[in-house]
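Labels run A, B and C following the written order; every chain starts at residue 1.
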Amino acid sequence: MTELTHVVEALLFIASEPLTVAELAEVAAAPPERVERALDALAERHAEGRSGVVVERVAGGYGLRAAASTTDVCARLVARSPDRPLSQAALETLAVIAYAGPLSRPEITRVRGVSADGAVAGLVDRGLIEEAGRGGTPGAPVLYCTTTVFDRVFGLEEGLASLPSIESLAPDEARSDALRERLAVVAAERG
Amino acid sequence: MTELTHVVEALLFIASEPLTVAELAEVAAAPPERVERALDALAERHAEGRSGVVVERVAGGYGLRAAASTTDVCARLVARSPDRPLSQAALETLAVIAYAGPLSRPEITRVRGVSADGAVAGLVDRGLIEEAGRGGTPGAPVLYCTTTVFDRVFGLEEGLASLPSIESLAPDEARSDALRERLAVVAAERG
Amino acid sequence: MATPSVFSLELDLDLFAGPFDLLLALVLRDEVDLAEVPVAEVCVAYLERLGATSDLDLEAATEFLVLVAALVEMKSRLLIPGAEDDEPLDALEAADELAARLAEYARIRAAAAWLGDRRHDLGRRLFRVGPAPLAAPRPPDREVMSSDPAALAAAITRLLRPALAVDLSHLPRRLVPVRDFLARFRRLLDERGSFTFDDAVSGLDRMGIAVAFWALLDLYRRGEVLLAQPEAFAAIEVAAVTASFRREAVA
């Protein structure tokens, strides 16, 4: 294992999004060919049957994921203790995704004003939100949407269509205008 | 590497927070002793100098983090949150919340003598503190407590229990008692 | 360089040389007489340090203001024994509370220092806060606890609420410009040649009188008035300096 292999491993581990060879090369300040060799060595080390975490090549680049052999146990982790109440940060993040999703983490952060990374991770842990493909913006960030578990937890018989309408929530005209404006900004950024 | 070691590795990888031996044992449906052996094997595999990702004991559980040798490069990846040093005000606010939390902003202000609002907002932004419900005092102010991120940033193996005792930090307790007596005498004289 | 903390402010006064927090401790232990502490010099020393820094940390600056204000208040109580007080303070209680709060704050500062050192010693520890880069396996079907969708509604309306403006209503705005009094006194002098200060400020509140007195001192500094007070607490007589005398003074 070269030093660069360790660096690439750490980068893939730290990132919440898959990384391209070009991104890895830029951040690690190394030639792309060396990064590719490091990825090969890493894929060797993190292969199915040899490790609990494997390197996977996806459209957006390279990322780490849990090995196939651990799927059932990982699912149990997600299913564990759903009874802890949701924090305010989690509830707000969930509301933004439910009303305006699918959204990427940077978009959620823009709406909330503070980083949503921790809240998103916690909601994924609980199975309330999940990946919904990738956005069209540069870097193709992962988009998140609510899950069927979410529908069941909140008793939404018709799914998101059963959410209380925003207008009924904010009878104050200024407020519902503000929401539309804010969501329009988000939508424009995405579009 | 046993199958259980792979499972534990995958669990630590996908979880967004450190996991305790008890949690790992429950989810993996394995006896705690075997989980501990798996953690040992994993720590061996993911040790500084041997891997880009290392096992750390933190917040009463176990988690994975980037190896020390890779932090400079990894910091470039997460450059949007540069490692600005914490200001004195931020450190003091953090100390108040860590030792006496959950606390509301007015309570923190009372201890420090100056407004804590700016410091609190900055610490929430950095993910070092979070909201922890509301207090029972009039106005039901939002209470703040430290997060697992706090435990990890400050390397607290057992979470807040790993903080040095407040008594050990103030060796001049006797002096402050003497000070109090002296002040009382002066006050009595001035009447 | 960040805004200096008042506690680490190094002072070099006739009375005392050392850090501000030591001075504070000595004052509280009665080892230094507060009446002798030149608070103005402490302020100047702090302002000089502030002038040498690039960015202003409002919180550190506020800390300084609060401490100096407390010092001034203590000193004024000392200098004017028995002066009438809006809220008479039980001196014993006040001393006790001050000592308790200083001790509590000292412990917090020690804890903050420990955290700062710890972070420095550990170096930067990086871990993932967001979700894993590739989807975790889907959860199996399971029983779930039910939640109220109204909580989601409340959460999104919270996000729509404009940020709270900082409430300053508890800080009374009492702007009494010095220049108003300068103009008023000059007019009086033009009309009458002299007046007594007490007459000129009768009916004003404390703040007004203080600013008026400042204006008076300013006129004196500029050489525009002569001041006379036969004895302590007697009326202050203000007289215009004649034009010819003023020209001489300026020349």
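Definition applied: contacts are C-beta pairs under 8 Å (C-beta built on N, C-alpha and C of every residue); 3 or more make two chains touch, one makes a residue touch a chain.
Bear in mind the structure is a predicted one, so any value in this text is a computation, not a measurement.
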Judged by C-alpha centres, the chain sitting nearest the middle of the protein is B
With chain centres set to the mean of the C-alpha atoms, which chain is at the far end from chain C?
A
Could you give the separation in Å between the centres of chain A and chain C, each centre being the mean of its C-alpha atoms?
47
With chain centres taken as the means of their Cα atoms, state the distance from chain A to chain B in Å.
24
Centroid spacing, where centroids are CA-atom means, of chain B and chain C in whole angstrom:
33
In chain A, which residues are in touch with two or more of the other chains?
10, 13-15, 64, 66, 74, 77, 88, 115, 117-118, 121, 124-125
Show the residues in chain C shared as contacts by 2 or more other chains, in ascending order.
126-132, 136
Residue ranges of chain B touching chain C (in the complex, touch as defined):
13-14, 16, 56, 63-66, 68, 70-71, 74-75, 78, 83, 86-89, 91-92, 94-96, 98-99, 111-115, 118-119, 127, 149, 152-155, 163-164, 166, 169-170, 172-173, 176, 178-180, 182-184, 186-188, 190-191
Quick check on the complex: what are the chain B residues that touch chain A?
1, 3, 5-11, 13-17, 23, 26-29, 50-53, 64, 66-67, 69-70, 73-74, 76-78, 81, 124-125, 127, 130-131, 147, 149
Which chain C residues qualify as touching chain B in the complex?
2, 5, 25, 28-30, 57-60, 62-63, 66-67, 81, 91-92, 94-96, 98-116, 118-119, 122-132, 136
Quick check on the complex: what are the chain C residues that touch chain A?
126-140, 142, 144-153, 155-162
